[in-house]
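One chain, chain A, links the two complexes that follow: it is found with chain B in the first and with chain C in the second.
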Partner chain A sequence: MVAYLIRRLLATIGLLFVVSVITFSIFFLVPKWAGATPDSMATRYVGRTATADVVHQTAVRLGFTDPFYVQYADWAKGLVAGRDFDMGTSIEHCPAPCLGYSFITAQPVLPDLLDRFTVTFSLAIGAAVIWVTAGISIGVLSALKRGSLVDRFSMVIALAGVSMPIFWTGLIALSFFSYRWGITAVGGAYTPFTQNPALWAWDLMLPWVTLALLFSAQYARLTRAGMLETMNEDYIRTARAKGLRERTVVTKHGLRGALTPLLTIFGLDFGLLIGGAVLTESAFGLNGLGKYAVDGIRANDLPKILGVTLFAALFVVIANLIVDLLYAVVDPRVRTK
Partner chain B sequence: MTLTSEEQQPAPANGGGRFLDVRDLKVHFPTDDGLVKSVDGLSFHVERGRTLGIVGESGSGKSVTSLSVMGLHKRGAAKISGEILVDGQDVVASSDEEVRRMRGKRMAMIFQDPLSAMHPYYTVGDQIIEAYRIHNDVSKKKARTHAIEMLDRVGIPEPDRRVDAYPHQYSGGMRQRAMIAMALSCDPDLLIADEPTTALDVTVQAQILDLIRDLQREFNSAVIIITHDLGVVAELADDILVMYAGRSVEYGTAEQIFNEPEHPYTWGLLGSMPRFDRERSTRLLPIQGSPPSLINVPEGCPFHPRCRFEQNTRGLAKRERPELVDTGRGHFVACHMSQAQRQQIWRDEIKPKL
Partner chain C sequence: MSTPLEVEPSGAGAATDHDLVAPGQAIEGRSLGQIAWRRLKRDKIAMAGGCFVILLVLVAIFAPVIVKYLGSPPDQFHQDLIDTKGGTLLPLGKFGGMSWDHLMGLEPQNGRDIFSRVVYGARISLLIAILATAVSVFIGTTLGAVAGFLGGVTDAIISRLMDMFLAFPLLVFALALAGVFPDEAFGLSGNGLRISLLVFIIGFFNWPYIGRIIRGQTLSLRHREFVDAARSLGAKRGYIMFTELLPNLVAPILVYSTLLIPTNILFEAALSFLGVGIRPPTPSWGGMLSDAVVYYTVPHFMLWPGLAIFATVLAFNLFGDGLRDALDPRAR
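Then we have the complex of A and B:
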């Protein structure tokens, strides 16, 4: 078990290394091949009227004049050991894990990132509760009443749910619930959970439901397929032969078998989502990680982009690890191997 | 086939009432390829304390028959007619809820492959406890004690420890024992074992069969053993029903079937029985060809395309289906040959080669 965790940890570090190198390369090497010089890259981060001198100073300060690998090493050192930054007028120490300072605002990235993360996580967790509950119930119902009106109706809805883009459903939802009926706050409202849980939930309700719509549809289809398969298993026949009520057969024996594969998919989906729900956050004006990433990309703000990328990769890895560990809890056959 | 009157069935040796009485059972499945007549007019009965063996090649409708008795066919998928009287109550005519309440207590079943028949995510103990508590209003703790007793009873070593193991941690034979413990946990009046040893090694097979026999004596239940191998029921069954293409072709006591069989199909089954006292190569009577599709059962005698004695009936077997007729003393045979002819062939031609 310990050896296993160490192996996973090493793999995670390797992955984060690869991800950050790739991000770095895209940021530096691609412009370089296109003919950009350190100074020309630095012009993005100074005022329009800046002199060539100022531009050059900025290029030096941001490290653009160093070779590629030195820049990467500096950044990586900050992550592991912390690092000092020349802010022009003063030297700032950025303790490990240091993700650097924004090229634009000169603010440290990590505190911002953590702040944004709570928003994205709030969005993801609420939506997940809704889509898991709704998706699985609809899926089970459809499987049991296979071919019935309920089944066909919910599968059509599911298909529609999967195919409708979130920014579209999001805008539709906003236009009705917020603008027309005034039930929920107009986009961008967010109350931290620690401040007022009820308001937190209320403000997020619309984004939750919108995001959940997309996933519920997918989960309903997966649950239905899984249930149709497990309900044909021999052990279901055994459960019936014992004289169990059909309800128990379905929920205790059938669903249990059908849900295990869903766990993997859920882990992946959730991990991806907490790395930034770009479209939903944009549609509802939520200041989450996804929006942070988009802003970073728009402004060519490398430390931000690197920070979000690393975060997102880390979440996917962690979610996968949790799923793998949970698998052993859920499936005893995995446990004893 | 109209096998519903009393005198057309073997008289139970002990003269007692019939615990299970199946009358003219038909189970048909409408499918895209056509109507599958899996069981087509089958009648038999079992008394408490007795064992019936149902024997036939794979695909002859044995499992479909047993699932019908348990009321486990989906109402929509299977068209079922006839009567299945379990202690007087007709499973075919009863509601789903009534049949459910009979399961486990009135009739219980063990399946061919215990690995797939047990839930992989629950411990063996939990699965037995669950079965016990359906019909017994006791605490989990009491039920657990009972589960350990049952595991002990079916010969699982260290039952108080193994009760918490998962099915995949048991060996094949142990799993089948656990399955039996689960099926017997509510002390059912009728136990159906569908190919209980087919998935097991030969040595384990014998142990499981011994166990079933011992338990039957102890619990005095009615038992049906379903198998494709006559050898399995040789020492176990009191009565034997030989099934072919969803019908009964020969039905009688075990002595009658083994000592004076009269149907060519039964001869074939006897000929393909694995025997330990002789070399394989000297087995002379394997059945030619393969069982018919139950969508297109041959006209006349369903066995005629494979029967070596078909010409003895001067074409009758191709046109007319032989009825299942009592040859006396409760021995039923469905064959156009005269009884004298059948007995002669058995005596002179078949028996010496077995």
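Then we have the complex of A and C:
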């Protein structure tokens, strides 16, 4: 067990290293390859009227003139040991784990990220509860009544659900439910859970349902396929043969077999989602990690982008780790191996 | 998920096909393609999806002709039809200015014809999605087949690479990549550069889906008798891969490219929606939605481009699902 965890930890560090190197390359190597110079990159972070001198100073201060690996090493050192930043007028110390300061606003990235994370997590957890409940019950129902009107109808709806762009559904939902009929909170509304849980749920209701619509469609299709497969297994026949009630057969034996592969997918989806639900947050104007990433990208603010991608990759890893550990609980066959 | 796609008709699927032969008529042999085509023809929903896809391709190709007779040029302003006096800048008339001249109404503020922009948007959407799918299929098939066929260390490396891609926040990376590119590079500029950029970004990020499927297929094929036969006759690796294995991979490649196109349409729309896709004034569905956000109180302007995306993606999904069932009856 300890050896297993150490191996997973090493793999995680490796993954985070790769993610940060790729982000760095996208930001520095790609523009260079497309013909940008350190000075032309620095022009984005100074005023319109700045002289060539000021531009060059900014390029030096932000480290653009250093070779690629030096810039990366500086950033990585900040993460592990903290680092001092030349802010132009003063020197700021940023303690470990330091994700740097925004190029534009000169604010440290980490506190912002943690702040935004609560929003994204709230969005993801509520939506996940809805989509798992709805998706699995629809999927099971369809599989048990295979070929019936219920099955065909819900599968068509599910296919329609996966075919809608989330930002469109979000915008349409906002436009009708909030602005026309006034039955849900307006776009961008968010109350922290700790402040008022009821208001928190009220504000997030529409984003939850919209996001859940997309995922429950997917999960309904997957559950249906999984159920159809497991209900033909020998152990189901055994369960029936020994006289168990049909409900027990379905919930205790069938569902368990059908849901284990779904757990893996759920871990990945949930991990990716809390790393930033970019489109949902943009459509609803929620200030989560995804919107933070989009804002960072629009402004070419590398420290922000690096922070989000690193965070996001970390969540995917953690979610997968939890799923793998849960797997042993749910599926006894894994334990014996 | 991992059930191999068998091209050979086995069991139930083949039996029902024989029932179609009228009594007294000689039973004629059918190729695998013919059998699949017969099954597909009977799937009405899939055929409807397929017909819609064909219609859409025609619309994209003949966009200038359609717009000439049914609309006005996509970049032409109609400010005489906009409420500038009231200050709302919304189109005059009901339902966002819908009329026989402007079938889907007008955009607020500058009054461009929505119908012609949706029609032209189909060009961008389909072009990028199809080319990007080609890129994904090329990378995915090559790496997937190599991984499955060679096995060992090569397989381990490629498989880890695919796992990593699937666990990445791809949209954020794609956004960053599309965002940092300058407006001129590699001797290209404007939307020529944007289109090729989007094709490569989308294609590059989506290859693992197809790669994984092809790898699984190759794994199940490589120990079959015909491969052993070829090997014992002294065939080289390259020959086995291209001449023996590749023809057997055509069915899954076909099915999963059809299912990848809608994913890529959504991907492109998302990038354009977030402002790193096609640059205005070239019409694109995602870009039109992003323009409509400001007028969130009037759902009309986001209705049409969104419906266009929805209908296109749904049609491809229906057709792709039908194609999979036709080529692999056991998947149902």
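Operating definition for what follows: the second predicted complex is superposed on the first by the 337 of 337 C-alpha atoms of A that agree within 3 Å, B and C clash if a C-alpha of one lies under 4 Å from a C-alpha of the other, contacts with A are read in each partner's own complex, and residues count from 1 in each chain.
Please note the rule applied: a contact is a pair of C-beta atoms (placed from the backbone, for glycine too) under 8 Å apart; a residue touches a chain by one contact, two chains touch by 3 or more.
What you see is a predicted model, and the numbers here were worked out from it, not measured in a lab.
Participant: After aligning the two structures on chain A, examine chain B and chain C and state clash or fit.
Facilitator: Result for chain B and chain C: fit.
Participant: Taking the superposition on A as described, I'd like to know which of chain B and chain C A:15 touches: first, second, both or neither.
Facilitator: A:15: touches chain C, not chain B.
Participant: Looking only at chain A, is it chain B or chain C that touches more of its residues?
Facilitator: When the residues of chain A touched by each partner are counted, C comes out ahead.
Participant: Touch check for A:234: first (chain B), second (chain C), both, or neither?
Facilitator: A:234 contacts chain B only, not chain C.
Participant: Would you check which partner chain A:261 touches, where first means chain B only, second means chain C only, and both and neither mean what they say?
Facilitator: Touch status of A:261: second partner only.
Participant: Once the shared chain is lined up, is A:189 touching chain B (first), chain C (second), both, or neither of them?
Facilitator: In the superposition, A:189 contacts neither chain B nor chain C.
Participant: Quick check on the superposed pair: does A:176 touch chain B, chain C, both, or neither? Answer first, second, both or neither.
Facilitator: In the superposed model, A:176 contacts chain C only, not chain B.
Participant: Scan A:162 for contacts with chain B and chain C and give back first, second, both or neither.
Facilitator: A:162: touches chain C, not chain B.
Participant: Applying the document's definition of touch, where does A:275 land relative to chain B and chain C: first, second, both, or neither?
Facilitator: Touch status of A:275: second partner only.
Participant: In whole Å, what is the nearest CA distance you get between chain B and chain C after the fit?
Facilitator: Minimum C-alpha separation, chain B to chain C: 6 Å.
Participant: What residues on chain A does chain C touch that chain B touches too?
Facilitator: none
Participant: Enumerate the contact residues on chain B facing chain A in the complex.
Facilitator: Per the stated touch rule, the residues are 67, 70, 72, 96, 100-105, 108-109, 111, 113, 116-121, 123, 130-131, 134-135, 166, 168-169, 182-183, 186.
Participant: Using the touch definition up top, name the residues of chain A that touch chain B in the complex.
Facilitator: 233-235, 237-246, 253, 256-257, 260, 330-333, 336
Participant: Inside the complex, what are the residues of chain A that reach chain C?
Facilitator: 15, 18-19, 22-23, 26-27, 30-31, 34-36, 159-160, 162-165, 167-168, 171-172, 174-176, 179-180, 187, 261, 268, 271-272, 275-276, 278-279, 282, 290, 293-294, 297-298, 300, 305, 308-309, 312-313, 316-317, 320
Participant: Spell out the residues on chain C that touch chain A in their complex, using ranges where they run on.
Facilitator: Residue positions touching the partner: 1, 164, 166-169, 171-173, 175-177, 179-182, 184-186, 262, 266, 269-270, 273-276, 286, 289, 292-293, 296-299, 302-303, 306, 309-310, 313-314, 317-318, 321.
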